[in-house]
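Order of writing sets the labels: A, B, C, D, E, F, G and H. Residues in every chain begin at 1.
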Amino acid sequence: MNSDFTPDNFDFAVLDSHRAQRTGYPEAVYCGGKTLEQSQVIIEQMRLQGIPVLATHASPDLAQRLRPNFSDLVYDELSKVLTIGQAPEPQGLVMVVAAGTSDLPYAREALLTSQFFGSRTEIITDVGVAGIHRLFHRLEQIRSANVVIAVAGMEGALASVLAGLVSVPVIALPTSVGYGANFGGLSALLGMLNSCAPGLATVNIDNGFGAGYLANQINRLITTRTPSPHP
Amino acid sequence: MNSDFTPDNFDFAVLDSHRAQRTGYPEAVYCGGKTLEQSQVIIEQMRLQGIPVLATHASPDLAQRLRPNFSDLVYDELSKVLTIGQAPEPQGLVMVVAAGTSDLPYAREALLTSQFFGSRTEIITDVGVAGIHRLFHRLEQIRSANVVIAVAGMEGALASVLAGLVSVPVIALPTSVGYGANFGGLSALLGMLNSCAPGLATVNIDNGFGAGYLANQINRLITTRTPSPHP
Amino acid sequence: MNSDFTPDNFDFAVLDSHRAQRTGYPEAVYCGGKTLEQSQVIIEQMRLQGIPVLATHASPDLAQRLRPNFSDLVYDELSKVLTIGQAPEPQGLVMVVAAGTSDLPYAREALLTSQFFGSRTEIITDVGVAGIHRLFHRLEQIRSANVVIAVAGMEGALASVLAGLVSVPVIALPTSVGYGANFGGLSALLGMLNSCAPGLATVNIDNGFGAGYLANQINRLITTRTPSPHP
Amino acid sequence: MNSDFTPDNFDFAVLDSHRAQRTGYPEAVYCGGKTLEQSQVIIEQMRLQGIPVLATHASPDLAQRLRPNFSDLVYDELSKVLTIGQAPEPQGLVMVVAAGTSDLPYAREALLTSQFFGSRTEIITDVGVAGIHRLFHRLEQIRSANVVIAVAGMEGALASVLAGLVSVPVIALPTSVGYGANFGGLSALLGMLNSCAPGLATVNIDNGFGAGYLANQINRLITTRTPSPHP
Amino acid sequence: MNSDFTPDNFDFAVLDSHRAQRTGYPEAVYCGGKTLEQSQVIIEQMRLQGIPVLATHASPDLAQRLRPNFSDLVYDELSKVLTIGQAPEPQGLVMVVAAGTSDLPYAREALLTSQFFGSRTEIITDVGVAGIHRLFHRLEQIRSANVVIAVAGMEGALASVLAGLVSVPVIALPTSVGYGANFGGLSALLGMLNSCAPGLATVNIDNGFGAGYLANQINRLITTRTPSPHP
Amino acid sequence: MNSDFTPDNFDFAVLDSHRAQRTGYPEAVYCGGKTLEQSQVIIEQMRLQGIPVLATHASPDLAQRLRPNFSDLVYDELSKVLTIGQAPEPQGLVMVVAAGTSDLPYAREALLTSQFFGSRTEIITDVGVAGIHRLFHRLEQIRSANVVIAVAGMEGALASVLAGLVSVPVIALPTSVGYGANFGGLSALLGMLNSCAPGLATVNIDNGFGAGYLANQINRLITTRTPSPHP
Amino acid sequence: MNSDFTPDNFDFAVLDSHRAQRTGYPEAVYCGGKTLEQSQVIIEQMRLQGIPVLATHASPDLAQRLRPNFSDLVYDELSKVLTIGQAPEPQGLVMVVAAGTSDLPYAREALLTSQFFGSRTEIITDVGVAGIHRLFHRLEQIRSANVVIAVAGMEGALASVLAGLVSVPVIALPTSVGYGANFGGLSALLGMLNSCAPGLATVNIDNGFGAGYLANQINRLITTRTPSPHP
Amino acid sequence: MNSDFTPDNFDFAVLDSHRAQRTGYPEAVYCGGKTLEQSQVIIEQMRLQGIPVLATHASPDLAQRLRPNFSDLVYDELSKVLTIGQAPEPQGLVMVVAAGTSDLPYAREALLTSQFFGSRTEIITDVGVAGIHRLFHRLEQIRSANVVIAVAGMEGALASVLAGLVSVPVIALPTSVGYGANFGGLSALLGMLNSCAPGLATVNIDNGFGAGYLANQINRLITTRTPSPHP
């Protein structure tokens, strides 16, 4: 950022250090729309305060800049997820089910987010409804999870089909995979919002982070809440 | 139509009497946006010329007006389809598969249209993907048809699932059934257009007539065309 | 349904009697787009099989028709929810938080749905962000729940604010309340999908049923799943 | 794909090898949203199992990578279609009719898809409705086909005009050709969905594959089905 | 208008009496969104000043109220056009070509507007492109006009076809006729705006007045302008 | 509200009695989406606490119910605004400028809202840009105000023109007046948001209340703030 | 175009050589979506037949390729218009009025198109409504034309203002100039379609060619038609 | 601009030198859609006339071209704002409140615009509603301003929350920050337009200039208008 204007003491970000107390989870860094310098400074400040870092939409350049200083940095190029610091002991099970290979970037963002916040995870891919028997072969595995994330682009029908087959909550993650009248993911989004199967809630298009965060919240409720808090 | 303007000899409609020669099928009457009087006159003129009548979006009032003069008038209140005159001998098989009870008006418009133009038809209802086993119980019956019409509102996933299970053409008929972000059938329409399963073509929202017409065309190709016209 | 067409043995609905086994919950009846007769027959058939009934979008006329035969019928005119049969013993806690009085029909649909499937519920109303102190006064109560449903129309900001304040999952229920550029609830829907606060999932506009169903699923996970199923 | 995360045995794709049995046609590969490596591996695995390959949205780079290993690879740069392996004996006739030169990429994707799955094909180009006499000169040729694909961008009127002139099914393929208020093909899509001519079904914008697949299905029905399967 | 607020001397309308001087044509009254009282007062004031009246979107109630006081009032119920006062001597020729019977209300609004401002007019109806030969039979008549108005709903293809066939300007008037994905006339509007045929300009959906006004302007240019004003 | 469900002590509204302290203005009541009973109870409770009442979207039925108990109730049927209680001494000047007669309901809602909260107001109507000289005749009057509200439907050009002519802030109030491609006011809204003239801010379609409220806030700043609070 | 597929004798374009007879004007070449080779071949074929060439959306590369062979090639980089061959003697007057400097590419496409087909033209720029006095200074000049093209992006108000000030037809050319909620020109397009001023017709966003073509048609009507063809 | 066409004396811009008199503020230069040369010439002409320059959407290349000739040029790369010439003495206080770091480019455009036209400014960043306590810590500072600009992308809830907490006008500046269903800023725009909190007006997406201009107008009203101009 090279500017002739010199606002004294221009702080472009304020760490929400109370967040962990308030919500039980540390803040994540969304790198979209931030300059490399801004993302770097924010992440370094978090590490100085000992906060574990989950950064999404992180470019390979950012990973390269940060790696020399952080030996425990882990970067997934496919999903653009970068983490620094130890995740909690994995618990329960979050199942990520992706319709096709092209949905993997978003599926992995969800998976890595759930892992970062403390969930055990598994992933099943390429089980879209055009060949629905592939899904049925994996049903027992899917039903063993506490919560399911259904990842699909195009018409997003996988989410409806899954919600009709399992008894646990299903989080629908629409992706922008497709072209033409998918309008950047709108077709999958509308499909999931209008699902004829109940027990489905939808996050933003390509929002793997949001899906993984919520799945972890639900998954960890089981261990952190006593079964009957309100007798 | 009560008007002070008097355009002499105002003819508001021109029968396309060449149509049967050109396309093999007589013209149908879309009553939407026409006054009762206009629809009545058009239908009566067609009968005078001996043309069999298929009228869609026909109101009960129109049926009541015409019934006294046409003993072979048949009217289906649910789908607003009215027919007068004998249908051709039914041939082949068109299968109409509807996701839910609320989709029936459009499913029946499709079914009655296929019948009118000469197809044998069957209908299967309430087999939406929220309870997908209901669909699998009927697969053998569905596969016996030459062409399938998948009728669904909300997310319209039924069409994708069906197209992945059968080898014959599937016509997707999106309906306006649903509410909120279905935007009058847009969700089902986009879902069907973006289907991950190939072999699917889509008609307009609630356009049972279009689906039934095309299904009949495909179904009758088999009997009217010789297997290998281009050796 | 008065029709001249006589398809023999026309069954317009197929009960999904396996559903309770497959998903743990009985089927609900969406009365939108069904004739009075169709809704009545479906509900009576369910009762004959001993299935408890939750019907949404039920008109007062339907309630009046059914009441003589079902002494335990309960109907809520504001939300158009009708139930027949005993709900399970309420467990846990689902908190419904509504932004304004006009959101109540949808908030109550959510609340009654959660109750029907076995959740204890509480409701807090008129705590929209235009007077955000009203929300803060109730924070302790809200935090005592296992899952929160945030109900709001217009810009739907209540959901974002809530998700930033609690550690449990928040289900966002956008409503069509508002006018002009709310485009039938689109403004609240987009606001909730694009929330800057993680841990939020969204259901269809005015879909109180979907929100209540999912909230109950999450709430009951705690009691039905052992804390650490995957050691 | 260079990632620090190491999910053991990460399988990003599952071949639907039952597909040919279930639907009569092998699976096609949509390369959009897949990395070069993913597309390459999938195609090589298909060839190892002896499955003929049709890949759409294939980049020249992918063609160049694969060509050394597959002597029968054929690549069409205009339509980004890549095939490996022998097509079935061509039968019947699918006629592809394109409005303008700019529609050719999509027209050729449709044509090559129909060929791959076993149809004889012909193509007629630059017969848009702005100079409609060009279309009438080719009517006899068009009417000789079993099924017609109408390819057009801008307002897409070619499809309506064609459907009014022929007796066989017309598949409407809207393209993104145009600018301004065509909104990426929406104008042609809506035009085709709302056609005043019956016997038309529409596929997704620029979806030459879908149009060609369905056209082949219809075309081959004639040879694979006996004329009157349901006496 | 019954109101407790009493803004003294509340004038809700200001006649644009300079308009005829400035643009050559008197002001028209759009009755949509006006109360009966407001429309009545405006029209009576115009007549007091001797201004001829063209009112669009006029309800039958308004016609009934005004008729006793204006013997030369003419009202067309189909198009909701009301006129009072003598039109100029008709000159030239404006040709209104409507695709179907349902488009007549808008076609007649255009026709009556052109007449009111001084054009000779003819109308041709029910020549939509689904039966395009009906259009060709009338080509000679159409080509005799100075300007053509193409009126069509659904996909609106009539305008493109016409513009490719005549040498004079074509004004495209999209109508809301249709259903489903016509989105209240959007399909016809987009079709006309994206026409592949040049020489076409489009007015608002159902805006017969605008089409007729402009057609008259063009038609009358020929008589009011000398052939070569700029030597 | 007739309901079989009996939530004990169901309070559907919470008065924001701190609002006047926090923002300087009492709360207003939006009656849209509320039952008659709910609106009545809320208004009566406000009066019991001595809070002056401004209710928008109030039906004539509500006015009739409340009138017997509140002698100082004033109701404007055109704008559906209802007030009870004394307004502050009017100060400064808010100028409401409306394009056409059909915009008056929204213009008056703005005007009455500004009055209620303490502004002196004037209104100028029927000065749309189709006859722009009518606007210029009133420029001196318009420039005498502290803030201007520009009310227009259709293309909403009045706001741009005004903002280019005055030095004070202009609030743009788009209305739903128009038809066809105005899409319920979207055309005016987009026109105002994209104005080429700076110094314009836009409120929701038909939101006279919001425009009037903000105009009053700006108008009263002048009297409540000392000229140079930050030396 | 480098393709392994070898469709024999693949003709990708058909010259509409009858066009000049049918409509009075030669065909223009839209280079968008065509490869360089396709555009080049089409233009060279036209020149071989002696047809004058107007090519729009022509890249600088295309101009460079063609220039050596055509000494009378003229290329305008700002508007991407390329012409070869003599224009007819200019007649009448088409006035192009552009709101801002950024609208010039489209204004010049309109101007050059009108010139090519035989109109005398003038252009006035930077007279947007934010400084409306600049427009009034040029009114006399504008009124001297037979037809006016109003070019504007953002809210497009210039067209409405112009149509209220002149008696000749005004063609509205919306541009994509702007950002944010202009949605690629939609704001100007809707503004122009919904103009409160009659006598306006709209072409596609950024469609300078369409505007210029129609303006020339109208302008030349005056000289080619006798004043009163229908006595 | 390299063109073969040579329109003599082509002036692509007209300075609105009367603007300062008419509205009290000089004209600003929007560089979007202008060539480098056009922007440069316009700015140089303004400086020749002694007009201070505010240019928005200015590229670094433009800044580099102009810097040698203008020693008082100041350029802010983050917001693409370029100024030349002295701003008026800062008065009052405009408070810019931005939800996140990614909103800074637009927040700074607003801030620099307000400064340029004569307002004292302060900026507060990263106080989005996901961590709402960060906002409450700054409330006293915010309340000290005469007008507040709320800058937010995603759901834009910051504006609603702020408007409920302060008594001065709040200008809502929606940004395109976000992804997926934010549709380029539409989610924040709709959220702000539909705010449940009164006293909010919205500018175009990413229109920092518009927000800053209006804020300055409101802020300076206090000093330029006498408290009670209309006794």
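What we mean here is this: contacts are C-beta pairs under 8 Å (C-beta built on N, C-alpha and C of every residue); 3 or more make two chains touch, one makes a residue touch a chain.
Source: prediction; values computed, not measured.
Colleague: Taking contact as defined at the start, I'd like the list of chains shared as neighbours by chain D and chain H.
Modeller: A, G
Colleague: Farthest chain from chain D, going by the mean of C-alpha atoms per chain?
Modeller: It is F.
Colleague: Let me spell it out: compute each chain's centre from its C-alpha atoms, then which one is farthest from chain H's centre?
Modeller: Ranked by distance of C-alpha centres from chain H, the top chain is B.
Colleague: Thinking of C-H, which of G-H, A-B or B-D forms a repeat of its interface, with over half the contact pairs identical?
Modeller: Among G-H, A-B or B-D, the interface that shares over half of its contact pairs with C-H is A-B.
Colleague: In angstrom, rounded to a whole number, how far apart do the mean CA points of chain A and chain H lie?
Modeller: 35
Colleague: As a quick test, compute the distance in whole Å between the mean CA positions of chain E and chain G.
Modeller: 26
Colleague: Taking each chain's centre as the mean of its CA atoms, how far is chain B from chain F in angstrom?
Modeller: 49
Colleague: Could you please state the distance in Å, as a whole number, between where the Cα atoms of chain C are centred and where those of chain D are centred?
Modeller: 43
Colleague: Multi-chain contacts in chain B: which residues touch at least two other chains?
Modeller: As it turns out, chain B has residues touching two or more other chains at 22, 100, 130-131, 164-165, 178, 180-183, 186, 189, 193-194, 198, 204.
Colleague: Using the contact rule from the top, write out all pairs of chains that touch.
Modeller: Result for touching pairs of chains: A-B, A-C, A-D, A-H, B-C, B-D, B-E, C-F, C-H, D-E, D-G, E-F, E-G, F-G, F-H, G-H.
Colleague: Okay, in this complex, where on chain C does chain B touch?
Modeller: 1-5, 7, 11-14, 16, 18-19, 22, 27, 30, 32-35, 38, 42, 57, 174, 176, 184-186, 189, 204-207
Colleague: Using the touch rule from the top, collect the residues of chain C that touch chain F in their complex.
Modeller: Contact set of chain C toward chain F: 73-78, 100-104, 108, 112, 123, 125-127, 130-131, 133-134, 153, 177-183.
Colleague: Along chain F, where are the residues that touch chain G in the complex?
Modeller: Going by the criterion above, the answer is residues 99-100, 128-132, 154-157, 160-161, 163-165, 178, 180-183, 186-188, 190-198.
Colleague: If we count contacts the way the header does, which residues on chain D are in touch with chain B in the complex?
Modeller: It is residues 22-25, 28, 91-93, 120, 144, 146-147, 164-169, 171-172, 189, 193-194, 198-205, 209-211, 213-214, 217-218, 221-223, 225-230 of chain D that touch chain B.
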